[in-house]
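First chain A sits with chain B, and in the next complex the same chain sits with chain C.
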Partner chain A sequence: MSIQIHVIDANGHQQRLQADPGSSLMELLRDQSSGVEGICGGCCACGTCHIVLESDWQPLLGTAQPEEEALLDALDERTSGSRLSCQLRLSQEMDGLSLRIVPAEC
Partner chain B sequence: MQHLVIVGGGHLAAALITGLYRQGFDGRVTLLSAEDSLPCNRPVLSKEYLKGELTEEGLALVAQHVWDDPRFTCQLNTRVSEIDRQQKTVVANGHLVPYDQLVLATGTTPRRLDIPGHELAGIHYLKTLSDARQLRGALQPGKRLAVIGGGFIGLEIAAAARQNSMAVTVLEAGERILGRVVAPEVSECFMQLHQNHGVDIRMGVGVENFMGQQAIEAVRLTNGEVLAADQVVVGIGVVPEVSLAQQAGLECDNGIVIDQCCRTSDPAIHAGGDCAVQFSPLYNRNLRLESVQNTSAHAQTILAQLAGQPIPEPAVPWFWSTQYEARLQIAGLNPDYDQLIARGQDTQARSWLYLKQGRLVACDAVNRPADFLQAKKMIMTETQIDIPKAEDINIPLSQCIA
Partner chain C sequence: MALTKVQRAAQAAGKTLANRQTPFIFNEWYVAALGHEIGRELKARTILGRQLVLYRQENGEPVALDNRCGHRSFPLSRSSLEGDTIVCGYHGLRYDASGSCVEVPSQCNCAGISIRSYPLVEQGPVVWIWMGEPDQADPKQIPAMPMLDQGWITSCDYMPLKASYVYLHENLLDLTHLSFLHANTFGTPDYAAAEFDTEISEDRFILKRYVVPTRLPPVWAKPTGLEGRDAARITTSDFVSPALHIVHAQFYDIALPESERPDTRIKTAHIPTPETATSTHYFVVHGRNFAPEDDSITDFMHQQLIAAFHEDIVGLEAMEELLSNMSPEDEFFEISVKSDIASVAMRRYLKRRAEAERSQHSAPGAVHSQPAINTAVEV
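Here is the complex of A and B:
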């Protein structure tokens, strides 16, 4: 069953995206929104898929693994809800997820 | 209705097609690809895909809903043999295809090692998904793999093969691995990394010929030694695919020459990605880069051109490589640095700064993403580095400004 994700893209526009569970959140945002580049293809090497989760959702999606954490820590606009969307796989539990895309740094 | 034709089905084509779809492009787009599969994520082919951490479904670069749109067509197994710039047509598998705008995204081809025995089975090159599929099947535990060429692709494959319990030998003709891209100190670090993982690295040695009946059995080296091998991978660089552009009389110089707007010498033809040569204001020279980031920047430039919008600012080139637990991120280029600063001695996490007259021009960061991201910005602004501070890995790089 497809799920719905609420997105504020890099230009501040609100979007509602439909997605199927299973693929990576980065790919969904790269393909259908703006501001996520995902240049390294999802292997946690570039930091160009930075998103901020709405606070209610932060505890539900677990914590970042060390390699994601190291990259997040290096980003200028890191906040407590920051994640790399390539490390999040879409699942049924993410139906209704709300997030903001942070434009890729330089 | 405008017809945009793209020749070559790699990252440039994928980024253009996704971008045009999103821009609501009001014409038709045809991709002519010589490969037998849709554009896929190439850098992971020598890394996560080879190690079995990623499946083929995870490799697609263009979402299915784009291909479902009748304005976007992809013709696979299709070779373009000619461009007629007067008539604005290309010849694809012998058929004429008219275009209004043409994009050459022809990329590169692995350099062949056409020495005696090159036709034996079990000698691999890696560029396409179909190459990767074959190579993945060949990486079998307990078998012996000879990797010819100690560049990124060879070393990434060596790492994947070791993780699959193969016996691996890397043969590098030069005096050090990664000799073309990093400083000797960084080469040394990667040599130790591979040796610690049980790879036999031989330097200063070439390959005379391949030996075997039907399939590869051994490799004869230039020093006379015969090295037994069940599989061979050749990774000795790539050649830009420029023959089509050359035949059409477009300006080429170790690549298809493009301006800052990615235009070739014909205003109806753009080019970009690994096959293109472009002047870099930052490095004050012509550059042909083999990089996804550069390709992505070219795609954004072409998209802006087609939409009549201002082109994006030039960016600092960057690259990455994953080998075992080492995640190497490279920002910038170092062709004429005059000083190398090492940050930290920890083999697990360290970085090197390349300076020219005190200014930061490049950075190699191993498991130090903060150094990489900060270096990218500091290279762009040609920052003078405070060297004693930069040598202290506990001081963030962004604070090491002279």
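Here is the complex of A and C:
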């Protein structure tokens, strides 16, 4: 069953995206929104898929692994709720997820 | 120098990746030598920064000992082999194949004098060595080399490489370089952009690339009879262990229905054994499952492959030279792209393994410091 993700894109516009569970959140945002580049293809190495989760969702998606943590630490705009969307795989539990894209500078 | 955001992120990500400064992983089976390299002469070889002496006993069993005489550090490789024992060329201490000193010419007592010996297992054309914790040496853990199976025709070689084994592993997991570094040998322009998928687990990293349709380079086209035909070239890069990478490839005429395609495959074991931090013993065992009777094909493919692998050596050595000449003030970063997915995961694994061994107090890597990065050891 497809799920819905609420996005504030790189230009501050609100979007509602439909997605199928299984692929990475980065790929969805890269293909259907703006501000996510994912130049490393999802191996947690470039920081160009930075998002901020709405506070309600932060505890629900687990904590970042050490590699993601190290990369987030190097990003100026890191805030509570910052994640790299390549490290989040779309799942049924993410239906209704709300997030903001921190635009990548490429 | 100010870095861009992506460069800075790449720099941060780089700290999680093994590189030429990462300590060695000791608790693995590595290939010490091709069997024919070890004989009745004493041979010096450095593996994982340890200087060893290799030889064969009279019954053919290979032996690996520390090259350093336990008395006053004379190289045993410059001593004499008498029967199955080495007599040190300095003061004449005699060691047996287990590393125990059995004679000190200046006294009648030599109990308790010994040097380390290393377990060896000879399998087909290669001799595996265990450099790690002696009580963890388990020959059942030696990775399989499927090209040594019955019916496959093999050839092997050894090439010294003045670069870190980490980058050789990376080279093998990202074959998009075939279109560029190997443009003059077995690369084709369509290779880099071909579709691929990956299979990544905790300790195994596999990338499968589908170059279809393509024209095969001479090394594959000639022996398979697919010259001038639209063919499929499907290549799997498989990181089996820190000591072994196997490339599997299959080729077929895409005009043929699946049921009529001959089973035409090659498997090449790329075997990077670290010598020092910045040098590697690069062994190759190549096998094919077709044209078993034709020795000229064995020679042709071997010569073509080694020419291509020399391009890797030239490239990796040029990178090593550049890296070793970097000024400490240079900002270092390497930006990874999609085709690096498997190699980035692999390099994180190598780093985790190395750090895990270092954190165990008893790990050999923790006891003996690794040679400095610029230590040159002649092969």
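Everything below uses one rule, namely that the second predicted complex is superposed on the first by the 104 of 106 C-alpha atoms of A that agree within 3 Å, B and C clash if a C-alpha of one lies under 4 Å from a C-alpha of the other, contacts with A are read in each partner's own complex, and residues count from 1 in each chain.
Note that a residue touches a chain if its C-beta (ideal position, glycine included) is under 8 Å from a C-beta of that chain, and two chains touch if they have at least 3 such contacts.
A quick note: this is a predicted structure, and the numbers were derived from the prediction, not measured.
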item: Clash-or-fit label for the pair chain B, chain C on chain A; value: clash
item: First (chain B), second (chain C), both or neither touched by A:34; value: first
item: Touching partner for A:104 - first (chain B), second (chain C), both, neither; value: second
item: Partner chain in contact with A:60 - chain B first, chain C second, else both or neither; value: neither
item: Chain C clash site on chain B (candidates 171-179, 243-251 or 261-269); value: 171-179
item: Intersection of chain A interface sets (partners chain B, chain C); value: 39-47, 67, 70-71, 73-75, 105-106
item: Interfacial residue positions of chain A with respect to chain B in the complex; value: 23-24, 27, 30-32, 34, 37, 39-47, 67, 70-71, 73-75, 105-106
item: Footprint of chain C on chain A - complex, ascending; value: 39-48, 66-67, 70-71, 73-76, 104-106
item: Residues of chain B that touch chain A when the two form their complex; value: 18, 22, 41, 43-44, 47-48, 58, 62-63, 66, 292-293, 296, 315-316, 318, 320, 322, 327, 329, 367, 369-374, 376-377, 380
item: Residue ranges of chain C in contact with chain A within the complex; value: 4-6, 8-13, 15-16, 335-341, 344-345, 348
